[in-house]
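In the two assemblies presented below, subunit A is common to both, partnered first by subunit B and then by subunit C.
And now, the complex of A and B:
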């Protein structure tokens, strides 16, 4: 049995929030603004609420099998073979997620800062840190998330506040965006942008059981929803909907236009600092989760020997897309629009199966709280 | 094994930290363009002019070695001005790198100047690289030049202080002190080009040939409180020929006209960009006497757009605050019972000026540079409905109501003017 260590609700919340919100640094805002226009800021709240509902269904599953993580539940409900296949799907998904996020990061840093540096060099440097984080383990990643959380939040807040002179509140009109049906359909599908909260189901035993799982998930989703919505709102107010859909990264663009006087301008270096930290937490956590699921599914006690093969796989995923267009329009579009079908619907399917087959876990010390 | 791994990782990071990548650049290895001018080319699409510092003596106006002006070699105030024709902006700059020993960087570019000719033809082709190229920040100011951009840049010098870069930034900030021209960072300008809510405008610049200042004469001059000044027309002499005054007005990416200095102030008052400026008004009780006021916005302008039988109605409410700069007639307007005369005078003049300016943008160009469309958009539920209505097309049909409330807040360092005494007049200072 793999030992991952324990950490408190605060660490779990910080870690989950960071994994959820890192996408605001990338192309995510642009896509939402492009597809839902002036309704983008509340369309993401629809996604968040949808995700909360789906998360509560996941919670029902976890509650039904106290003391068990999602891998064990898959095995118990669907049998060892199908359970392992389902776990492998999650392993592959999280490697794909880590690799795609990593490549998106590399493409962005090349677009804005290091246009001529070979991407493999940036990837290698980044993966070295990710490997170090994975080597330390989940507890180390959660502690790193705690350390990074406050600078990242202060940085985001600083960018959003300092760009105030560019805001025009009336840019949120026409309030209906491209229409209610479009906003709802995009809002529901884009709940995929909040699916990362599912990682809690794989580390449930490290966060002291289902009650903390529920609390952590709901708090993280709520706060992440507010942060993402606020960032989209600020981008919309600064750029209007036609231009907001043009920028590679709206938040970076927001940081680049901050200008107060000769002495107070060009502050996007703040952005670089927090952007890299947030990306490290996100890619580090998802990379570790893929390792963790694999180890749990195949009863591997030590995850460390697997770090190098998994980092090689992540590196491959990251190198596979040919261009920024391919990363954003294929990899990231899949992750942020369709991942709901993997991350939420598989556990919900397992929950239904558990109901039908009448399968249930035993009461444990963890579940009693 | 662990020690070896740590050593390898440390060495790897040292390797990266020494900037051993193709993006590592010494600050001194580059030359930072200050201003970029775009004219229509003769043999190719674009004639591009850039000015960059020579790093000799800080860019001052010393007539010493390395400083001063030598137009033949392109040296102006320790900067170099160079012009090239090319197929695109980026390639033009690349071509110029064959002339300069240091790579030309645009990261500190302060201003992009379009000649009026190409601005009137349409500038979307030129905006594209400016919006896309990572070196150009969207805080770079955009201006349209009466005449050629090349000539304007050749006159871009500083007489005060040594740094031309500082001088250019301070010149932009003069908008706050005068209200004679708007600040137009690329972000604002580009947003205007793409926006369905309003249209773009930019700073208007030009070169003065110093022929507008008439020779001294004994004849009595009339008091002219408002006059339509455009860049290059300020009646003055001096060494600096460049001028920034007025607003270039765009419909889409094409310049369609311009606002003079006072129209620009009215435009900025309505759009909320006006910070302060001196307005000289004629004393109604003593025509020919001037009352200069230091005027500012009391609060943010209130703009409301409603629709009546499909006709848009724009209501503009302004609250203006003013301090008295002088009362040439020495009439005691500061008194409580007379202060409203000044309030009414200011309100009337500004209200009238704003009405005329809005009317001009409606009738002459149908260009909503005020961005009233943001308010109009509140009456539409979806973007499709709003875009189908096309506010920019219907702007000219709007009825405009302007209401200005003025408050003279302070009277300067005097609370009233004591009368001037002449030998042939009896003056009694006792108040009745």
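And now, the complex of A and C:
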């Protein structure tokens, strides 16, 4: 078994929140605003609540097998072969997630800041950090998350607060958006935007068991939901829903319109800094999780030799789409709309199977929880 | 005629060829280490237990000793046994110190009470002659009347108890330790017939006095610094900690130079695991020479390849004392005016001893200034390059115009300008340290003049850049730890490069890389970023310095045996009534 080290609940919460909210820097807000209009800010809360419900189901599964992570549970419930296949699905998903996020990041930074820099250089620099994060392991990633958490939160708060003069409260009306049914259906499906919390199920032994798992998951989902909803609300008020649905990154636009006087204006440098940091945490964590799942599934003790091949795979996924449009249309739309079926429904299916087959974890290990 | 001939010969010598006499030049021959060590294996005197290395030289065995070797084998003076024969012991010491080639070793023979043959041995210059003359030699040679028993057996015990007037004297029966005592400046006394020596404390070599700190100056606070004498340094610390549990353990390091190294900790407060680990690492060093704390640090630090130091270096006894009282371990090396403190975290390097001596608002302000200084001196030139090269739109327009105007006549790209100026600045700093004292101060002014005024006038660099470099330099000087300041200087060039290559993005990537590397290092088992990451319990002495009466706990990461340093209410007087007290009433203000 690979040794991943331990960390506390605070680190776990910071890490999960960052992985969950990084999407607000990207095109995510635009998509929600476009599909649900003025109802988008509470549509995401519906997603959040759905995700919490699904997470609790996942918690039921984890509680049934105390002291075991999701990979071991797959093996135990579905047998070694199917279990490994299920784990591989997660490995592939997280690599795909890391690669897509990376590409989205590169496209945006090219559009906004470094138009003349070759994308391969930007990618290489980013992957260097990802590789070194994966090299130091989960403890290093969690500490990185802690240190970058505060600047990122302060940065988001600063952007949202400094843009107050541009908010038009009436822009959130009509509050119903495109109708309840549309809001609900999108809200339920978009709970995929909160699926990253599943990573906790794979590192459950590093965060001291199921109780902390539940607590961490719920706190992270709650706070992430509030942050994402607040950002969408602010974007709606600042840009109205027609324009909000057109911006590539609403948060970036918010940072851009800030103008107090000639010397205090356009604070996108803050945005740039926190955006890169958040992306590093997210891609680094998901990249590491895919490595970790692979190692756990196939009993590889050392994850370090696998870093280079996995980084190559991520690089490939990142370079595969032709343009930003393709990235957002295909990858991101897929990841943030349908990942629910992979990340939540597979474990729930396994839970049902465990109920039917009557499989349960050993009671003796309960103490660990 | 003769003179003429000489002149002719002289003239002839100008036009004729004369072969030069070949000059023989010196070279260092290679000595096969294997052969020499095999040769040495034959000589029993050189086989010791690792304290001395075979030096590849075969020492001649004196004829007298060869004879004795054949006759009395049981009394042979060796590294492990003291002979009962005075001549053999003198020969042993002479041989160990390569006398008579080596003129430093002094063996003074004399007779005690006209009966007992004796000698003292010491190293010239290392000892205090007054002590030897008045309290060893005079005491031994003038007190004949004390030796009344007429006993012919060993008299050293009697001498130790009744005759010697030195403050420290102890018996030693291991010749290897005797040699070490002589090397340390002590005087050994031997009396014929005994199988041990007496060692007298007579250290008296020249040393520097206790002076003011050169590297860690403070405004409010003690003005004493360590010097090169280990004993003085320990005394300076003891002045601050009058606690019988303050324990000093000595370890010899360096096979050839056998430097004395002291490990200080407070018994019952410091976690013994830290002390054991420090001792384990120091004892395990197998190297010829450890010349100071800086070398020792490189041998025992956790991460030799990290950018930042993982041990705190201080020249201040008060700072050492405060860390010892927090449950840390101090390491001192003879000959080095600095102390190493372990384990530490990054924040300890940002603290200054002054912080604790000042009221908390001032201490906190200074800490923030220092954090700001680190940020400035690491990032400012890199940010300047990134801003002017990639992100002009982020600069307010008026400022941008000012920068552009200043740069208009400069022919170089910004990054070349920055590197040029930074290198020049590094040159001034390095030259400022190496240059002889008197002109050292002047150099700063000359350097500033040349680099600043002249470079701007010649349109080599823009004036804005001069401001950037100057502020960066100032920031660097505000960092309280010299090693950290050096690592910041290194990191600065890294950020200039990244800023020029990838702008803000590159700088953020660089920051992330440095952070990741910092998260991965430990100082004697303590993660470098604690107590921030990993998060341990709240600290009252991190960035915001709480009032001293509010700092109830020692740093969590050292796992001290007593975590609490004071009670919750340490200012008991706040709960008591003053002796002269009164309840203020409204009538008190009447008539005012």
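We take it that the second predicted complex is superposed on the first by the 363 of 369 C-alpha atoms of A that agree within 3 Å, B and C clash if a C-alpha of one lies under 4 Å from a C-alpha of the other, contacts with A are read in each partner's own complex, and residues count from 1 in each chain.
FYI, a contact is a pair of C-beta atoms (placed from the backbone, for glycine too) under 8 Å apart; a residue touches a chain by one contact, two chains touch by 3 or more.
If you're wondering where the values come from, they're calculated on a predicted model, not measured in any experiment.
In the superposed pair of complexes, A:349 makes contact with neither subunit B nor subunit C.
Of the two partner chains, subunit B is the only one touched by A:174; subunit C is not. Judged by the touch definition given at the top, the superposed model places A:125 against both subunit B and subunit C.
In the superposed model, A:240 lies in contact with subunit B only, and not with subunit C. By the document's definition of touching, both partners, subunit B and subunit C, reach A:266. When both complexes are overlaid on chain A, the residue A:112 reaches subunit B alone and has no touch with subunit C. Shared contact residues of subunit A with subunit B and subunit C: 113-114, 117, 121, 125, 128, 132, 262, 265-266.
Here subunit C touches subunit A in the complex through residues 390-391, 393-394, 396-399, 501-506, 508-509, 512-513, 515-517, 519-520, 527, 529, 532-535, going by the rule given at the top.
Those residues of subunit B lying in contact with subunit A across their complex are 9, 12-13, 16, 21-23, 131, 134, 137-139, 166, 169-170, 173, 185, 187-188, 190-191, 194-197, 371, 374-375, 377-378, 380-386.
Partner subunit B is touched in their complex by these residues of subunit A: 37-38, 111-118, 121, 124-125, 128, 132, 166, 168, 170-171, 173-179, 239-243, 246, 253, 256-259, 261-262, 265-266.
Across the interface of their complex, subunit C is touched by residues 7-8, 10-11, 109, 113-114, 117, 121-122, 125-126, 128-129, 132-133, 136, 139-140, 142-144, 146-148, 262-266, 268-269, 272-273, 276-277, 280 of subunit A.
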